[in-house]
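What follows is a single structure, and I will ask about it in a moment.
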Amino acid sequence: MKGYAGDPMKISARNHVPGTVKSIKKGPVNTEVILGLEGGAEIVSVITTYSAERLGLKEGAKVFAIMKASEVMIGVD
Amino acid sequence: MKGYAGDPMKISARNHVPGTVKSIKKGPVNTEVILGLEGGAEIVSVITTYSAERLGLKEGAKVFAIMKASEVMIGVD
Amino acid sequence: MKGYAGDPMKISARNHVPGTVKSIKKGPVNTEVILGLEGGAEIVSVITTYSAERLGLKEGAKVFAIMKASEVMIGVD
Amino acid sequence: MKGYAGDPMKISARNHVPGTVKSIKKGPVNTEVILGLEGGAEIVSVITTYSAERLGLKEGAKVFAIMKASEVMIGVD
Amino acid sequence: MKGYAGDPMKISARNHVPGTVKSIKKGPVNTEVILGLEGGAEIVSVITTYSAERLGLKEGAKVFAIMKASEVMIGVD
Amino acid sequence: MKGYAGDPMKISARNHVPGTVKSIKKGPVNTEVILGLEGGAEIVSVITTYSAERLGLKEGAKVFAIMKASEVMIGVD
């Protein structure tokens, strides 16, 4: 599609957390991707199936979890 | 900060709408950026002031409005 | 449902970008809608299938992409 | 701004919860609005100061809290 | 998964609106949950099917709708 | 406020990433919190100043970054 060349760019989202794709679960519209972080924690992402295919995501791939700072909440035990 | 090298990358966000920075209004934590689109419409973005400075945003710059598809609603007159 | 009369109202979301529905892809819970903007760019929205049906969305319809300013990121090539 | 006539429209956001404005706290970019619901609960919203002024929000006004279904989480005691 | 023990914690999200589960509709990736509030209004939430099962959501259960203040818009008739 | 007792609860948000508060920057409405993760990466959160004070956040505190899966994008180098 126009305006989605998938060309690399710098983005304003403050969070770029490096991780490895551990699993991918596809639905008709959305796909769930689980990343393993270096310290052992995990981050789960739900993106469109279109984008998952567009990025060619595969288990074992090195990727980043990207979140806008305003989407991140803080929890305290 | 670590994990925010600002290196260009491909991202899963479906929406990459090209525009030109028309105005920038900075607050202590957040900054408001208004983009003009080709057809004459505008898109307003609020990002952290840190990111606005990190990207070196200036009036007249060619940038993209990036939105996750799940954040976009539909309105009907 | 109560509180969802679908009555028109003014909303605080800063972004109301006019576009035309180019395609609709329905899943059991979510539906993907692609809008064509005047300048040729596209915006993709994922809304609930319930809302897509409630609004009576059809290809060719004139609608608006509505985004809260805090959901819009900025990307730079 | 263009594309923000503030004209009433129907929107896809599933949640339209009626409430009364109890307080408004303005910052340079963002404004916090607290709504009282009928059952006694409250909903807090942070919108741009521009939108708060554009809508003419005042204490005591009858308004709606509007949330996309995908933004609402569930908590269990 | 690691980091998702489901242990109770206090979170920064400003909105904790009490309600009762009225219906649950499961898709392969996402699940739609409708809550009835005390005053008669409803709130609809779309969460991952994993989380819906993890929390053991059932019709009639007393839960909370949790929203970050920055996700809540204001609408005016 | 009612409905914000700050009582601990289990929430549907899939992501609970443990980290340590490295810095806190307060504005009139919003506050920026930077967490250090175990592997060395960082996560930045913007929450309301009210919530930051309500949770009693301090540098060095052990907390969790909480994100809904639908808010997490994937980036590829």
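Every chain is named by a letter (A, B, C, D, E and F) in the order it is written, and numbering of its residues begins at 1.
By our rule, a contact is a pair of C-beta atoms (placed from the backbone, for glycine too) under 8 Å apart; a residue touches a chain by one contact, two chains touch by 3 or more.
Small disclaimer: the values here were computed from a predicted structure and weren't measured.
Undergrad: Looking at A-F and D-F, which pair shares more C-beta contacts?
TA: Here the pair linked by more C-beta pairs in contact is A-F.
Undergrad: I'd like the Å distance between the centres of chain B and chain C, where a centre is the mean of that chain's Cα atoms.
TA: Here chain B and chain C have centroids separated by 18 Å.
Undergrad: Centroid of chain A to centroid of chain D, CA atoms only: how many Å?
TA: 29
Undergrad: Show the residues in chain D shared as contacts by 2 or more other chains, in ascending order.
TA: 3-4, 7-18, 27-30, 32, 40-42, 44-48, 50-52, 55, 64, 66, 68-71, 73-77
Undergrad: So, with touch as defined above, which chain pairs make the list?
TA: A-B, A-C, A-E, A-F, B-C, B-D, B-F, C-D, C-E, D-E, D-F, E-F
Undergrad: Spell out the part of chain B that touches chain C in their complex, as residue ranges.
TA: 8, 11, 13-18, 32-33, 35, 37-47, 51-52, 55-57, 61-77
Undergrad: So in the complex, the part of chain D that touches chain B is made up of which residues?
TA: 1-4, 7, 9-13, 27-30, 48, 50, 68, 70
Undergrad: Quick check on the complex: what are the chain B residues that touch chain A?
TA: 3-18, 45-48, 50-52, 54-55, 64, 66, 68-70
Undergrad: Using the touch definition up top, name the residues of chain F that touch chain B in the complex.
TA: 25-32, 34, 40-42, 44, 46, 70-71, 73-77
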